[in-house]
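Once you've had a glance at the structure underneath, I'll fire off some questions.
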Amino acid sequence: MSLDFSPVFTSWHFLLGGIGDTLALSALTIALSLLLGGAIGLARCYGPSGLRWALIFYIDSMRSIPVLVVLVWTYFALPIVTGVTLPPFWAAASALTVHISAYVAEIVRAGITSVRPGQSRAAFALGMSRTQAIREIILPQALVRMLPALGSILSITIKDTAIAAVIAVPEYMNRSQTVAGQSFHPIEVFLAATVVYFAILFPVTRVVDIIYARFAYLGRS
Amino acid sequence: MNYDWSVVWRNADVLWEGTKVTVFLAVTTMAMAIPGGIALALMRLSGIRTLSIGSALFVEFFRNLPLILVIYTTYYILPVATGLRFSPIATAIVALSLNVSAYNSETFRAGIASIRQGQSDAGYALGMSRFRVMIDVILPQAVRRVLPVLASTWVSLFKDTSLVSVISVGDLAFESMRVRSQTFRVLEMLTAMAVIYWMLGYPQAKLVDWINNRYRVSE
Amino acid sequence: MIEARSKTRGAETGSVPTVAYHDVKKRFGNFVALAGVSMEVRKGEVVCLIGPSGSGKSTLLRCTNGLELIDGGEITLDGEHLPNDWDGMRRIRQRMGMVFQNFELFPHKTALGNVMAGPKNVLKQPRKAAEHRAMEFLRKVGLVDKATSYPAQLSGGQQQRVAIARALAMDPEIMLFDEPTSALDPETIGEVLNVMKQLAEEGMTMIVVTHEMTFARRVGDWIVVMDRGAIVEQGSPEQIFESPTKERTRDFFSHLVWTG
């Protein structure tokens, strides 16, 4: 088998643009998911019971439906229902955020419930109010415990952006498909894609591991 | 705008076929990825450098790539690398199995490491070989211990099977979207697809929660 | 009062000790666990290793059956020099039985399954024969009615007795006990010590790391006091308990019971 990577090199500028879109979509999704997921997670723990049930339903539904389905529905079906057509990038950002926020919410909930009940009791015994106890004692500990799981969300998000290729978002995967189709050298193009994605994801997972290792002692009780 | 939900009922048989393929893919993949994961974990833990490093590289490789890319690449590389013609569904199973084996290997590695050293000591003290200790003492306990994690992995796998639709494997996602293209009933078919996945996935997610709770109580 | 023992040392000069340690050294990183230990264990003797935590008693035991490999000196079994490599020690481990502080029964097997584990998997005996043998040993420790129970269903004392049966099923030349009663509720300590006493009376060679001084005085034939990786003094129970010669030994005994 002889490999000819020239199509990759001739289209490198086009493909490079794809990396930009991949990173932009990832960064936006992560930021929005952390905010939305964090809010949902807190509401899930401390909110009124009616809201909590609705949120549990939402979270469990996102655990049941594949990302691909959410993406496709948001891009093709949502415009029909709402009349609002989102351009591919924003459709992907919305769909991914809605999906990943559910996971972030679960991580936040797990982090909060993992803090020993004795901690809040000790805080109340000192005379703190509920909000103070949550803010000063529970959340800081919970945060450290959430870090490894949140770190893995980082890498999951980047991987999920590749699925956005199917709804015409011009991120790296999509552009690879274009080049592969035009050049009739799919193996070389996708091997290049393998290198690119690995080069992006490997450092991310390593850095997350290192950061967690540095701060893990704060979460141990 | 008029909606025609009957398109879903009229194509129920096609959707049912797609669902069967989805389930088949998930079951077959897991059936290969559990022994695959155990093998990779044992290779990683063995004292033999080539096996240990090879396993670590394999796992690191697959954990750091999007599954959709793995599926595409496998689709193009497999026929060329092996000289055999693979059906799309076989390609899908290969790609999925490689991917999930990598994740399972980390799961089993953690499970094995969580078994107290005293247990292997007791096995060695009876004169068992390293092999015997692993097979008779450590693995049976480790597998039981990681069942909740394997259950979560299963749920993820079930959803990930939808990605094989991109190489035209006739799973639920592919068939739903094909009917959409043929009938132009976009909202109805896409919503039906989401609902069917939801109906299949929701009980599974709840089952995983139950397994996790039960496991924690008996610990 | 302690009865004088008939098995006094020096009465059997010329016979090969069952286990002999010659200047055994072991370190973990910078920590010296054993600083050159030399002693002998004679056939049919019950040797009790006593001393403060971290004195190296457990380490010495674990070096005996090769769960730890030594860094210096040598250990002999019936005069045969023990190989200092993991796989080489496997044959030797089959000739020794070990009982752990935490019992370490295999939780996924029944009591019978645990006792059978050695004969079936190591000695490769056929299932029926291994089962029959296992039942004999369960009977010996008084737990034949618990054969089909899982460890989680047994009390600590019962689990430890099953552990003893498991080790005995391999027909060992010597039994090693690593603080066998330290993890037990006071009520169940007795049932385990009784089994050990019975074994001693049947002539089993035993090395016991223990904090149970009454057991050491009544059942022990030879007491070895260790501290900081070295033997402080060794002698018969009368010698050690009635008139210890070393300051360190007296110091250890004085700390055993809080007298206010």
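In this document, chain identifiers A, B and C correspond to the written order of the chains, with residue numbering beginning at 1 in each.
In this section, a residue touches a chain if its C-beta (ideal position, glycine included) is under 8 Å from a C-beta of that chain, and two chains touch if they have at least 3 such contacts.
Everything numeric here is computed off the predicted structure, so don't read it as measured data.
Colleague: Quickly list, by label, the chains bordering both subunit A and subunit C.
Modeller: B
Colleague: What chain lies closest to the overall centre, CA atoms only?
Modeller: B
Colleague: Of all the other chains, whose mean CA position lies farthest from subunit B?
Modeller: C
Colleague: Please tell me whether B-C or A-B has the greater number of C-beta pairs in contact.
Modeller: Taking the two pairs in turn, the one with more contacts turns out to be A-B.
Colleague: Please compute the C-alpha centroid of subunit A, do the same for subunit C, then give the distance between them in whole Å.
Modeller: Here subunit A and subunit C have centroids separated by 56 Å.
Colleague: CA centre of subunit B versus CA centre of subunit C: separation in Å?
Modeller: Centres of subunit B and subunit C (C-alpha means) sit 47 Å apart.
Colleague: Taking the mean of the C-alpha atoms as each chain's centre, how many Å separate subunit A from subunit B?
Modeller: About 20 Å, centre to centre.
Colleague: Enumerate the contact residues on subunit B facing subunit A in the complex.
Modeller: That would be residues 1, 60-61, 63-69, 72-73, 76-77, 80-81, 155, 159-160, 162-163, 165-166, 173, 177, 180, 186-187, 190-191, 193-194, 197-198, 200-202, 204-206 of subunit B.
Colleague: Once bound in the complex, which stretches of subunit B touch subunit C?
Modeller: 116, 118-119, 121-130, 132, 136-137, 140-141, 144
Colleague: Show which residues of subunit A lie in contact with subunit B when the two form their complex.
Modeller: Per the stated touch rule, the residues are 1, 60-61, 63-70, 72-73, 76-77, 80-81, 155, 158-163, 165-166, 173, 177, 186-187, 190-191, 193-194, 197-198, 201-202, 205.
Colleague: Can you check the complex and tell me which residues of subunit C touch subunit B?
Modeller: 65-67, 87, 90-91, 93-94, 96-98, 100, 102, 104-108, 117-118, 121-122, 163, 166-167, 170, 176
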